[in-house]
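The letters A, B and C name the chains in turn, as written, and every chain counts its residues from 1.
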Amino acid sequence: MTPPAFPSLQVDGLSKTFTLHTQNGARLPVLQGMRFSVSPGECLALSGPSGIGKSTVLRLLYGNYGAETGRMILRQDEREIDLAAASPREILRLRKHTIGYVSQFLRVIPRVPTLEIVADTLRNAGFAGDPLPPSKAMLTRLRIPERLWNLAPSTFSGGEQQRVNLARVFVHPFPVLLLDEPTASLDAANRQTVIELIQSAWARGAAVVGIFHDLEVRDAVATRLLDMDQFRAAA
Amino acid sequence: MSAAQDNDLPLLTVRDVSRYYGARLGCRDVSFDLWPGEVLGIVGESGSGKSTLLNCLSGKLEPSGGEVVYQTRHEGALDVYRASEARRRLLLRTDWGFVHQNPRDGLRMAVSAGANVGERLMAVGDRHYGNIRAAATDWLGRVEIAADRLDDRPTAFSGGMQQRLQIARVLVTKPRLVFMDEPTGGLDVSVQARLLDLLRGLVRDLGLAAIVVTHDLAVVRLLAHRLLVMKDGEVVEHGLTDRVLDDPQHPYTQLLVSSVLPA
Amino acid sequence: MTQLDEGSGPAEVGVAGYNFAYLDEQTKRMIRRTILKAVAIPGYQVAFGSREMPLAYGWGTGGMQITAAIVGADDTLKVIDQGADDTTNAVSIRRFFNRTAGVAMTERTVDASVIQTRHRIPETPLRDDQILVYQVPMPEPLRYLEPRETETQKMHALSEYGVMHVKLYEDIARHGRITTSYDYPVLVNGRYVMAPSPIPKFDNPKMDRMPALQLFGAGREKRIYAVPPYTPVKSLDFEDHPFSIDRQPHSCGLCGSNESFLDEIVTDDAGGRLYVCSDTDYCRERREAGDVMNRSAAE
């Protein structure tokens, strides 16, 4: 992919405040006036102490949280979409094809086998051909033993669940990747695999935004750091 | 691709639907669009008007105001309540399906499982016993009921099996839009999970659009793409399911979400 | 035998204080209007103000009211019950009309202008100058699967008849074939599904394009319906399980007919059986015509 003249992701004036109506309307400002951009082939690492709103940024970008103010422009195929104003239908479509999100916790449906969870990503993305071989390859790469493939991951260990979570995102070449501590609870070998996966993602042109507490990982994958402290909202 | 999608017509267009029972409000000014393959959840507590709304949407209860327009396969848009009753009832037993909370309301308890599934085929004119039976067998398999239960009556089935049978009975005519009223209500938790998984698979594989009324947030989290939150007959919040549940804006939605006991 | 012994004709007409054929003229007019509507909409159940008759519901009060409304002084009436002229129900209804109307009575199908029947259609083909009046216990063919009257009316109105096949499906699923053997549902004139009253399905083909007018009366359920002369009447079925009638592998032990509907009569304690025509008039006519078979043909 050739680097286009426009950034893949451009965030401007993004603010988020939580209003807790159940607690006498307490207001919890998290972000204020945040701005950044990520180009294709970049991996932007959000940095700052915990509680500063790093995960909130990823959730805003994924549409999981609603933005209070600001714009989040995604440029794709010469088309601009403001994620802050996109319809639910548009967000769902982007999640299928464009934006991959590795959350801290695997949230899946009971009873669905691991292999199907991974293959579903490809099916949703309209993968031409049999989605099982690439799904198996990704599970193998992330060292999920074959005997677990036909089991639902709800009984897996934390590390195994996290690797299933990674497999189901990395199996499809999402142009935008949002990674929330992708290597937490992984051993050294798997951490190295994830580093390679992330590196090859931005190398192929993906725009990556991530939170990496593990400095070794961060140094290996991030092309740029963004200090979140400057956008800390006044409480 | 996305441009083509945006030009798609919604399967169901709901505009300002209100229903009063005399002076008492059932639901008021509900509007939304539902696209093919989309699952919409309607949540709210008892008395919030969600069942009234579902009945208005599904052609069973004429709204006091507003309109419900359905995009038919071949005949363009159909204003559900301006169409003749014959047309509306035909829609209900062909292109639409309704899954009741209590399987007894949706099944014929006095006839076999096979006849229950076959009835909608016979209702649209299928008159070949062998074909009807083959379709019924196929559908029992798809809802995970053993083929040797084909000639048993639903009275001999467990609650979960009855509910799955009801789903097979509805889906056999390949509807495009299914209405579900608390589809997992009254089932054990383990049975609920199985049913939800089954429903999710069917909805995706068949490209069904569905409107699911429930008070169970776990159900909509798994099934619904979008959510309507109702309180006192009105929609107080509307949006992407995970956003409504994870970043609720309206005080009532926050209360609803925070009231869920952790598993 | 053809002459009846319950009365001796019009001379004794009129039990004191009663109108001709029991019902008052206003009621008869109401019933005739109902009949006209029923004839105009073949197979459609028309509600009417069913009257109390001096007979319990279930004993043919619907048929009697129709007969009372249509019978005239010059009519010849035949009453059968299960095909026989001499069973209790037939005898008492005949006596009733003999006393209240004094019309001519006959047991001969060919001589009758009005035939009131319970559970059979005569074997002898009927003519277009005859009227067949059925006694109907349950006029609603959809009742088996739909208990709500409001709903069955709507289903009739909208021709939503898929549910009728559910019952036939159940028969085949349970027994390998359609075992409904009486009150077998029919589609009249391609429009209304109708209960033909509990006649054996053996008789169903006789209803199709019958020259005689067929009237159905349900006293308790307060419904009248009709099949006009020469109206198509189709028995419901499946393409791969077409409607068929079961021929009994016997012939009548009295007249030798192998075409008629037979009753089975146990003749002794050793399992001896005799099969005889259920239509007593048909059987007698055949025997009188000299077409008598050897009685020992009975097994």
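Observations on the model:
Definition applied: a residue touches a chain if its C-beta (ideal position, glycine included) is under 8 Å from a C-beta of that chain, and two chains touch if they have at least 3 such contacts.
Computed from a prediction, not measured in an experiment: that's the story for all the values here.
Every chain gets a centre from its CA atoms, and the centre nearest the mean of all protein CA atoms is that of B.
Using the average of C-alpha coordinates as each chain's centre, C ends up farthest from chain B. Rounded to whole angstrom, the centroid-to-centroid distance between chain B and chain C, based on C-alpha atoms, equals 47 Å. Per-chain Cα centroids separate chain A from chain C by 78 Å. The geometric centre of chain A is 32 Å away from that of chain B, both derived from CA atoms. Touching chain A in their complex are the following residues of chain B: 2, 5, 35, 38, 193-194, 196-197, 200, 222, 225-226, 239-240, 242-243, 246-247, 249-251, 254-255, 258.
Per the touch definition, chain B reaches chain C in the complex via residues 85-86, 89, 93, 108, 110-112, 114-115, 118-125, 127-130, 132-133, 150-151. If you check the complex, the residues on chain C that touch chain B are 145, 154, 158, 160, 162-163, 165-167, 169-170, 172-174, 237-241. Residue ranges on chain A touching chain B, taken from their complex, read 18-22, 59, 63-66, 79, 88-93, 109-112.
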